[in-house]
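Each structure below appears as structure tokens.
Note that subunit A is present in both complexes that follow, paired respectively with subunit B and with subunit C.
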Partner chain A sequence: MSPDDIQSIFFQECEEGLASAETALMAIKAGEHDGETINTIFRAVHSIKGGAGAFGFNPLQAFTHHFETLLDKVRDGELSLTPPLVELLMGAFDVLADHVTAIRGEGDQPDDAAMEQALRDALTAAPAAVPVAAPVVPELSFDLAAMMAELAAPADVPAQDWRVAFTPAAGDLAHGSEPLLLMRELAALGGQVVRADADRVPTLDGFDPDAAYMGWTLRLPAAADRALIEEVFDFVADPASVTIERAAFDESAVAVPAPTPVLQSPPAAPAAPTVAEPPAVQAPPAAKPAKVAAGATIRVDLEKLDRLVDLVGELVITQSMLSQRLVSNGLAAVEELADLDQLTRELQDSAMAIRAQPVKSVFSRVPRIVRELEASTGKRVQIEVEGEATELDKTVIERIGEPLTHLVRNCVDHGIELPADRLAKGKPAEGRLRLSAEHKGSRIVISVSDDGAGIDRERVLAIAAERGIVPADARLSDEEIDQLIFAPGFSTAREVSNISGRGVGMDVVRQNVQALGGRITIQSRPGEGSSFALALPLTLAIVDGMVVSVGDQTYIIPLTHIVESLRPERGQVQSTGLGNRVLNVRGSFLPVLGIGDQLGLSGTVSEPSEGVLIVVETESAGSAILMVDAIIDQRQVVIKSLETHYQQVEGVAGATILGDGRVALILDVEGLVGLRAPMPLRCAS
Partner chain B sequence: MQKRILAVDDSLSMRMLLRASLTSAGYEVAEAEDGRAALDWLENNEPTLVITDINMPRLDGFGLIAELRAQERFRDMPILVLTTESSPEKKARARDAGATGWIVKPFDPEKLTVAVRRVMH
Partner chain C sequence: MRRLTMLPVLDRSGVRLMANELRDMLDLGGAIGIDAGKVERIGLAGIQLLLSALRTGAEGATEIRLIAASRAVEEAARVCGVADRLLSELLADAEVAA
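Moving on to the complex of A and B:
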């Protein structure tokens, strides 16, 4: 594992820490907290500080130090959680989050001077009036008196040697301390034992093998660094048992016979002999290798996981081929077949579950966004979260953040009214924003709702007409009007919004959601609020598709694009010349595309009334109709990349293997409908 | 026989750093993510040394040391405390709990191995 890998783990830990700290802060704000809540925040900040130091992120380390010091006081009860203090903690949290963003190289170093000062001020405001925190992590404590004495020593007198006296107290040798090791280190600094004091060693009947009885005096050369000598004793139980001073030695004292034997054998008071011996009781390392990783989780390379999911996909396909084969041989009643089927399904679910992560990681970003919005709009919002433990595929989680953020901004910006307006309407001043996630069949539905004003349909319609999205005299149902906010080029912000705007509209949100194989729907009631629902696939490895036949080929059309399917009467599909055909579907003329023509197949149905027309909607090219010969089935299929096995093909999103072993291409509806666009131009030229 | 060190820290990156430094110094390293996990592992293992963080969920470093010192088996095993604090009070507290020594975070690998050698028998 390289330093970079460890660093990226640290980044991940920072995010996790921020998420749990934020949750805890929310609980504190809501008044639902206990001692553990503040502890959670403390631990998160503390861990970030530790890592920041280790990886050399000094500004982050400095900031976390101040934050931590304050949290420590809160934890110890020296500061109580008054509303202003909670606000301060939240503000500090935001700065911390910015710091983390900065070290990841995703943002600028925040200016934390003001916040740092606020944290210091809060500290001095502590009732106990504790002096402000110690300087950032001093590595060694200094003996000021000794330093002063040293400075005061006349410079012209040659420095004297060091006299180091060490007399451990009786209990000091417990816990694994070993004087011999100290002697060795002092010897490395040029130390010699000038006196071993064995006066306190009792007679055998009063002898406790675990107790320390001896003391030593050592002489170290004058040139030795005091700090280094002190460091040797850094580990000694009681600093009081050590004195380090410059001293004149009686040269004859140095001649005390043979200091070396003391260094070579354990001192007279054996510091628990069992420790010095090789640990015989220790189990061989190989005995329990599985136990070495004591953690409850492991981290696995994503590639390995994807490979597993892929293999399980293959297994599912093979299993369904096998069962089809058995069925066609009259062996449908084989009992093991049902078991195998069940097992494969469970295996597939488990494999998918490994890639799953709780939506909490996305939801936990919302409070901060809302806080910022509250500050900039003057609105007041209370957040309710439900189902944050619901799990979604990792990739979906990663890509859902932005659309979700946009929806939240939209709800606060356009939905929830100002406190005064709300009160005037008889609503509580504080608006409600509800986030929820739940399983619904093979999908996860995430919804974002507010109890605000709802969609102003008159205005939406007026804007859509003004932008040429619908004809000025269009008569649309309420649902159709609501859908207009997703239309490309539609933006409801009266003034160019600096909040919801951010350069993208709801059409981009829908596009992002659809790119994930998801769907977005909206429900709105004037005066009562709006609710957006994102129906997302549990995984990107499987798609819900309609199995259709075209000529002798079988294709899969992803269900997310399909609006409806219909069978026209002869003559309903009209030709517009240039080989183009259209069908009037409830007032709008949609182009009819023969999949066979698009993909260059022969022997397909060319008369629409003999085939099936499937109305699809796309982001880039609007709605269209795909003409196929017949609909065979509707099912989930495992997506196989065509690129890895062959090459990218226009109009094809991937492939899958059907139960009978045949390969079926999954159509890229977006691409197919887009392909149509240049056609008239080609014909015209 | 290779000496084995148990590294206890709730931060994975910190454990990784410990592991990297200690394995390159020739030690075998086991990990635990908090005091409770360390105790579970220690039930069936006896390392030469334990290095533990203080602030951890479930069971913190002080608690872990206290539990270990209460067991005859671990009474004399060296335990190093990994701490960002170097105040005399914190050191005194670690000492009173039964720690053999401490390492100040952030540590550099050389200091770490010196500290480890200092307490290894």
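Moving on to the complex of A and C:
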């Protein structure tokens, strides 16, 4: 394991420690002042301090030292958790999180002087007679010390070599073992015998050819891989006969072997009792190196996971091709084929599940954001979280952080009122921000809602008209007005603040969500609050799609966009006179876009009554109708990136391989519709 | 000096035979020279037999010496960390001869 690997593990441990500490801090803020909650924070800070020291992150180590000292006083009951102290702990936690971000190279090192002083000041508030703190027990969940010891040591501090003690069991030879082979393997790893214990070899009268009498202590170089050393003893029946540990050696020990006890020692006891004696070099049980605890989880390189997911995707495609081939040869009813299909689907689900992570990792960032907002706005916010154990794909998790952050900022900055205003409206002074996540079909819905003032639609519409986003006399529904807040350059903030209000945030939110194949919807009631719902795919690797034909081509339309499909009567689709066609669908005239026209295909159906019209919904351009020649199927397809294999193509989101081996393009509905229809036309009637 | 030539393969069964031979020779009395110069394969049992024989000689009235050792024996003795004990007299003899 390289130093970078170990450091990477340390960073992960830091993140996990920060997450558990933050959860504990929130519990403390909510009034849970039990010892275990405090201990949770203490352990996290202590672990980070230990790792920081080991890796030479001195500013982090120094800060955690102050933080830890204060926590120790709280833990020992010398300081009580008053609201100001809780606030101080939260502030210190934020600085700690910044330090961790800085050592990861993702931010500047925080100026922690003021916080350090505050921590020191809080300490002096403790009674003068301070008892000696209990010894600190390292709580690192990984054996950092052992891993560090495996690293190449600095020149001035030589790492300790391995001391391997091995005493075969007396009956090993009779069972067919040959300890000499193991000794040769150790020699191949650089092992040198420091001590060969032959004291128990008897004279010929008591000699048993089937008995193993000898034992050894060997020295192996520090750089030797412990796993390889352990591997040598894989087939040793009694693990107690082997000890492997780091140890300091007398440098002369190997050069000058132990004296020859064979010729000088007193006569040995008879064979049987001698064999029963405990091995002379066997270490006591306490000295045995601790085995790594069997954990319920393992860390796996993400590249390996992605490779697995890719391979499973290929398997699904191949299985689909095989299935289609068999069907075309009249073997559709083969029972094994159905079993294979089922197993392949289960395998795919399992592979996807490996990449899934709880949404908690994103939700856990929110408390800090809210604390900062409370401090800068004077508002008071209570956070409620539900469904944080809900899992979705790691990539999706990573990409929703920014949109979610902005939604939270928006809710607090624009939605939740100041305490005085809330009280005047008969609401509690403390606003409520609710985060939730839940599975809905093949998607996960993350909601951010508040009990604030709701969207001021009159104001939104006025600003949109003022900025030319909509005509001054536009007649829009409440939902359409709500959508205006996602328009580029739109902002209702009266002053540009560093929180939100630069008019770029909500637009970026929607773009990011759309880039993930997701959708964002708003529900808002004046005076009662707003709710933003992000419907996201569970994975970016597969998509439910409708397979359609256009000319001699086959395309996939993601089901998430499809509202309905219909075949109009001749004459129902009307021309606007500019070559554009529209269809009245329940009171709304929706533009009809021929996929063939959009993608420059020939030989496609041009008369709508001869093709199929698919009503789609988009975030950016409302509803529209895509005209295709025919619907072939509806199925889940494995997404292949077109950009990776070719280049980005306008109107195309990716590609997939169909069961017959042909490549089908997955349509980018947002892109296709957005090019042609900025807003739906509303029927005058 | 009676001379006992070790079998080429000193596995456990070979060691058992050689141990019995040595005991029989001990009963006959007189110095014993063990020739391990033809040993091609030797395991821990063989090394332990040689150590046992030398110990018996050191502690008893009978002189028992290793008078020859093959490369296989030398290698096994080194790996076991007992080369100095088994081969020191051989080396000394070689130095004297030189």
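The working rule: the second predicted complex is superposed on the first by the 392 of 685 C-alpha atoms of A that agree within 3 Å, B and C clash if a C-alpha of one lies under 4 Å from a C-alpha of the other, contacts with A are read in each partner's own complex, and residues count from 1 in each chain.
By our rule, contacts are C-beta pairs under 8 Å (C-beta built on N, C-alpha and C of every residue); 3 or more make two chains touch, one makes a residue touch a chain.
What you see is a predicted model; the values in this text were computed from it and never measured.
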Touched partner set for A:Q7, first subunit B, second subunit C, both or neither: first
Partner chain(s) touched by A:L204 [first = subunit B, second = subunit C, both, neither]: second
More subunit A residues in contact [subunit B versus subunit C]: B
Touched partner set for A:G53, first subunit B, second subunit C, both or neither: first
Touching partner for A:M183 - first (subunit B), second (subunit C), both, neither: second
Partner chain(s) touched by A:A212 [first = subunit B, second = subunit C, both, neither]: second
Touched partner set for A:R43, first subunit B, second subunit C, both or neither: first
Shared subunit A surface residues [contacts with subunit B and with subunit C]: 174, 178
Complex contact set, residues of subunit C against subunit A: 12-13, 15-16, 19, 22-23, 26, 43-45, 47-49, 51-56, 58-60, 76, 79-82, 84-85, 88
Subunit A-facing residues of subunit B, complex: 1-2, 4, 10-14, 16-17, 20, 28, 30-33, 37-38, 40-41, 44-48, 53, 55-57, 69, 73, 75-79, 84-88, 95, 98-102, 104-107, 115, 117-119, 121
Subunit B-facing residues of subunit A, complex: 1, 3, 5-7, 9-10, 13, 42-43, 46-47, 49-51, 53-55, 61, 134, 137-141, 174-178, 181-182, 185, 232, 234-235, 237-238, 271-272, 274-276, 278-279, 281-283, 285, 288, 291-296, 299
Complex contacts: residues of subunit A adjacent to subunit C: 168, 173-174, 178-180, 183-184, 187, 193-196, 198, 201-205, 207, 209-214, 216, 257, 260, 262-263, 267-268
